[in-house]
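One chain, chain A, links the two complexes that follow: it is found with chain B in the first and with chain C in the second.
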Partner chain A sequence: MTDVILEKVGKTYPNGYHAIPSVDLSIEEGEFIVLVGPSGCGKSTLLRMVAGLESISTGELRIRGERMNEKEPAERDIAMVFQNYALYPHMSVYDNMAYGLKNRGMAKNLIEEKVSDVAAMLGLTELLQRKPRQLSGGQRQRVAMGRAMVRDPKVFLFDEPLSNLDAKLRVQMRVEIRQLQRKLGTTTLYVTHDQVEAMTLADRLVVLNKGKAEQIGTPMDLYNKPATPFVAAFIGSPSMNLIDANLTEQGIKISEALTLPLSHQHRGGIVWGIRPEHLEVSDEHNADFALRILAVESLGAETLIHGKVETELGNGDPMVVRLSGPHLPDVNSLMWLTAPVLHWHLFDAKTQQRLRD
Partner chain B sequence: MTVTFPQKGLPWLLLLPQLLVTAIFFLWPAEQALEQAFYQEDAFGLSREFIGLENFAALFTDPLYYQSMLTTLVFSFSVAIVGMSLALLLAVMADRVIRGKLAYQTLLIWPYAVAPALAGVLWWILFDPSMGPIALWLKSAGVDWNHYLNGNQAMILVVIASTWKQISYNFLFFLAGLQAVPRSLIEAAAIDGASPFKRFWTIVFPLLSPTTFFLLVVNLVYAFFETFGVIDATTKGGPGQSTTTLVYKVFNDGFVGLDLGGSAAQSVVLMAIVGLMTVIQFRFIERKVQYS
Partner chain C sequence: MIENRPWLTFASHATLLMGIALVALPVWMALVASTHPASAFGAGHIPLWFGDAGAETWGTVLFEKAGNGVDTPVWFMMLNSLIMALGITFGKIAISLLSAYAIVFFRFPFRNLCFWIIFMTLMLPVEVRIVPTYEVVANLDLLNSYTGLTLPLIASATATFLFRQCFLSIPGELVEAARMDGAGPWRFFFDILLPLSRTNIAALFVILFIYGWNQYLWPLLITTDDAYYTLVMSIKRMLSVTDGDIAWNQIMATTLLAMLPPVAVVIGMQKLFVKGLVDSEK
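Our next item is the complex of A and B:
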C-alpha cells in the first residue's frame, strides 16, 4: 500500500528563493527512504514540508490517501527527530517522551506504560529521571528517537540525526535505527548528506541536486546504473572517475593520444566514467592506458592511488584507483591499467543523461 | 593581559574624577546620614543633640512607617508585574512580526529615553481630573477619576507612570530571551501536538525563567529607589499617605517635615535594604536560575 505521496511538490521561500522546483515521490508502507544530496540542495526543506513545518508552495502531499497540505504538523501523525535533537531542556527524559502523549490527552497510566516500554527498548530505563543536559550525545539521540517512537506515528522523519555523533557511535546508531525501523515497520523518511549512511540505511534513495530529484532507486540501482554524472559522483566512495570525452567511430576519444575502442551509435560529447574499484592493474602490453602516480593512500584493507592518465602528449585527466590490500608503488612511477568495458558508464555531455548500453 | 603604566601616579589620576564623584555624591552624604540618624536637630539646623537609637525607635513604632512599607511593596510589585507582563506580551508579538520589525522595536524603546520627571508630568497632564484627556474619557465612561482625592486611583496613576518607562527595558530583555529559544524546540512541540498557547506556557516561558527572575529583581529595585521623580511629579505622595513610598517618605519627612534625624534614620534603613537586594541579586544571578 502506498503510504506517502508527494506529487509535484515545490517550494518557494517568502524571500523568493526557489528551493525546490518539483519533486515526485511515492513511498510504500514500511519503506525506508533516504534523501541524500550535498549541503543546500533542499533535503531539509522537503522533509519539513512533509512535517508541516514549512508550507507547500505547489503540488500536493498525501499521507494514506489524505491531502495534508493544509494540515497542522500535529494532525499529520508524523514524528520527527531533529539534528540537534530538540529535547526540552527543562523536562526530564520521561517528560520529554510523555509530552506528546499528554498533549493528546492520553490516560496517565497508559502513558507510563508506553514510555517505559519504549525506554526499555532503547536502554533508557535508568535515565528517565535525568534532564537532557545530564546525558551524553548518544543518550540524547536515543531520547529523541524514543520521543518519536512512543507516539507510534504513521511516518518517521529524520533530519541528519547522527551528524552530531562521533564516527564510532554513528555506525552503531545507524545499525540500531535500521533494526528498530524494521521491527516497528514504520514508514521512514531520512535526510543525510553522508552517502555511506544513505547506502546502508535505505530501501530506496532519492538523490537531490539543487532541489531536483536526480534519481530515485535502490542503493544498488544507483551504484550500478547512475542516471547522471552527478549521481555517479555522489554515490560511492571514493567517487567515480568521470572524464569528458568524445564518442567517435573509433570509440571513446579521451584525448588526442588516447582512444578507448568501442562501437556505439551515439556521437559527440560524452562523460566517460569508471569506478576506482573497477580499474585493474595490468602490464604494458595489455593495458588500456598508464597512470602517472601522484599520491598513495594506504588504508590497510585497501589502497587508494591518485594519479593522472599518462599519454605521449603528457599528463591528462586525474584518476583514482582502488586496490584491495596493501600496495606500495613509487610516487611518480607509471602504473598500467585496464578498464573493463563492462564497468563503463557513459553519459551524454549535453543532457547529462545516461546513455543506453 | 595586564597593562602596566610607567608611573604609579597616572592610574590614580585617571581614576580621580570617578572617585571624586563617588565621594562627593555618595560617600559623604552617606556618612552624613549615618551621623545624623543618631542626633536630633532643631528645624533651623542651629543646634543638635546626641540621642542614640531614639530616631530608630521612633521609626519602628510609627504606624505610618509600616503603612509606607506596605505602600512600597504594593507599588513595587504592581510596577514589576504589570511592566513585565505587558513587556512580555509585546515581545512575543514583536518576535512574530516579520515586516517592519525594526520600526516596531525602535518605537518600543523610546519611552526609555524620556526622563522620569518628564514622564511623570506627561501622565499628570493626561490624567488631570479637570482637563486631562484620559481622565475626561474615563469620566465619560462612568469612572469618577480624581487621583487627588482617591488613594487607589493615585496608586494606579503612579504605577502606570512608573511602569511605562520600564516596559522598554523589560521588552528588550524579553525579546532577546525569546530569540534565544531554539526554533526547533517550538517545532518539536508543534509536532507533539501542543497548541500555540500551550507551547508558550510549557516550553517558552520556563526557558525564559532566568530572564524573568533577573527582570523581577531589576524592576523591584527600580520601583523601590528610582521612582521618586515620577511620584513627585504626579501625586507628591498623596492623597494622605497613599502613594508615599519609603524613598518618598525620606524626602517628605526630611525636607517638608524638617525631621532631619528621622529622615536620616530612614535613609540608613534604605541603605540596608539596598545592600540586601544587591546581595540577593548577585547570589541568584551568579548561580543563574536554571530550569530545574
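Our next item is the complex of A and C:
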C-alpha cells in the first residue's frame, strides 16, 4: 500500500528563492527512504514540507490517501527527530517523551505504559528522571528517537539525526535506527548528506540536486546504473572517475592521444565514467592506459592511488584507483591499468543522461 | 591571576572593608538615631551608640502612627506600598511577557513597527507624561485607588525588550518540536516558554519590585486619602512638618522599615537573580 505520496511538490520561499521546482515521490508502507544530496540542495526543505513546518507552494502531499497540505504538523500523525534533538531542556526524559501524548489528551496510565515500553526498547529506563543536560550526546539522540516513537506515528522524519555524534557512535546508532525501523515497520523519511549513511540505511534513495530529484532507486541501482554524472559522482566513495570525452567511430576519444575502442551508435560529447574499484592493474602490453602516480593513500585494507592519465602528449585527466590490500608504488612512477568495458558508464554530455549500453 | 603578596591582600581587604563601612555608616546612624529621643538628633551632636528610647519609638511608628503629621501607622503604609509594588511588578512582567511573545512568535502586519513603538516608550517615563497621565486617571475616576496607583506604571519597554531577547535565544527547532507535539500557542507559552524564562523572570522581579516600591512622584500625585498613602512618599511628608521640631527618631525608624522589603526580596531571590543575569541554560 502506498503510504506517502508527493505529487509535483514544489517550494518557493517568501523571499522568492525557488528551492524545489517539483518532486514526485511515492513511498510504500514501511519503506525506509533516504533523501541525500550536497548541502543546500533542498533536503531539509522537502522534509519540512512533509512535516508541515514549511508550507507547500505547489503540488500535493498525501498520507494514506488524505491530502495534508493544509494540515497542522500535529494533525499529520508524523513524528520528527531533529538534528540538534530539540529536547525540552527543563523537562525530564520522561516528560520529554510524554509531552506529545499529554497534549493529545491520552490517559495518564496509558502514557506511563507507552513511555516505559519505549524507554525499555531504547535502554533509557534508568535515565527517565534525568534532564537532557545530564545526558551524553548518544543518550540525547535516543531520547529524541523515543519521543518520536511513543507517538506511534504513521511516518518518521529524520533530519540529519546523527551528524552531531562522533564517528563510532554514528555507526552504532545507524545500525540501531535500521533495526528499530525494521521492527516497528514505520514508514521513514531520512535526510542525510553522508552517502555511506544513505547507502546502508535506505530501501530506496532519492538523490537531490538543486531541488531536483536526480534519481530514485535502491542503493544498488544507483551504484550500478547511475542516471546522471551527478549521481555517479555522489554515490560511492571515493567517487567515480568522470572524464569528458567524445564518442566517435573508433570509440571513446578521451584525448588526442588516447581512444578506448567501443562500438556505439551515439556520437558526440559524452562523460565517460569508471569507478576507482573497477580499474585493474595490468602490464604494459595489455593495458588500456598508464597512470602517472601523484599520491598514495594506504588505508591498510585498501589503497587509494591518485594520479593522472599519462599519454604521449603529457599528463591528462586526474584519476583515482582503488586497490584492495596494501600496495606501495613509487610516487611519480607509471602504473598500467585496464578499464573493463563492463564497468563503463556513459552519459550524454549535453542532456547529462545515462546512455543505453 | 593568583599572587601571593601579603601586603596586597591586606590592602585590598582594607579597601573593601572601608567601602563596606562607607555604605553601612548611614544605615548604622539611622538605626542609632531611632533609639534616641527626638531631641537628641536635633541638638547638634550625632550619637554613635544606641540610646534607650528604641522600643518605644519603633512600637509607636510601626503600630500607632508614624508621626510628624502622618497619622497612619507604618505597617498600614507598608501594606499599601506592597500592594502597589507587587501590582506593578506582576503587571509589568505579565504584560511584557505577552507582548514579547506576540512580537517574537507571531507573524502579523506591522510587527516590527509595534516593537519599535513599544521601544520608543522608553523615552516617556512617568515623569515626562505625568500631566496627561494624571488627567486620564482622573477622568477614569481612579484617583485614590490601587488601580490608579499601579495601572499607569505597568507598561514596560525594558521588560518587553529583555523578554524578546530571551525568547529570540530559544532555538527554532524547539519551537518546531513543540508544534509537532501538538502544543498550541497557550500550551507552548505555559509549558515551554515560561519555564525557560524562569530565571529572567526572577531577575526582573527583583528589579521591578524595587522600582515599584520606590515609586514616589506618582503616588504623591494621585493619592489624597490616607488610606492609600505609601511608605516612601510618606517619609517625604514627614520631613515637611511646619510646626515644631522634626522627630528624627521616628523618621529614621520609618526609613529603616521602608528598606526592609526590598532587602528581603533581594536576599530571598539572590540565587535566581544572579542566574538570570549570568547564564541561560538553553
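Simple rule for what comes next: the second predicted complex is superposed on the first by the 357 of 357 C-alpha atoms of A that agree within 3 Å, B and C clash if a C-alpha of one lies under 4 Å from a C-alpha of the other, contacts with A are read in each partner's own complex, and residues count from 1 in each chain.
One rule holds for everything that comes next: contacts are C-beta pairs under 8 Å (C-beta built on N, C-alpha and C of every residue); 3 or more make two chains touch, one makes a residue touch a chain.
Quantities reported herein were computed from a predicted structural model and do not represent experimental measurements.
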{"item": "Three-chain arrangement built on chain A, chain B and chain C clash or fit", "value": "clash"}
{"item": "Contacts of A:V281 with chain B and chain C, given as first, second, both or neither", "value": "neither"}
{"item": "Chain B versus chain C as contact partner of A:V171, first or second or both or neither", "value": "neither"}
{"item": "First, second, both or neither for A:A74, with chain B first and chain C second", "value": "both"}
{"item": "Overlap of chain C and chain B interfaces on chain A (superposed complexes)", "value": "51, 53, 72-74, 78-80, 82, 84, 86, 88-90, 99-100, 103-104, 147"}
{"item": "Residue ranges of chain A in contact with chain B within the complex", "value": "14, 51-53, 72-74, 78-80, 82, 84, 86, 88-90, 99-100, 103-104, 131, 147, 151"}
{"item": "Residues on chain A engaged by chain C in the complex (per definition of touch)", "value": "51, 53, 72-74, 78-80, 82-84, 86-90, 99-100, 103-104, 133, 147"}
{"item": "Residues of chain C defined as touching chain A within the complex", "value": "171, 173-174, 176-183, 187, 191-192, 195-196, 198, 281-282"}
{"item": "In the complex, chain B residues that touch chain A", "value": "98, 182, 184-185, 187-194, 198, 202-203, 206-207, 291-292"}
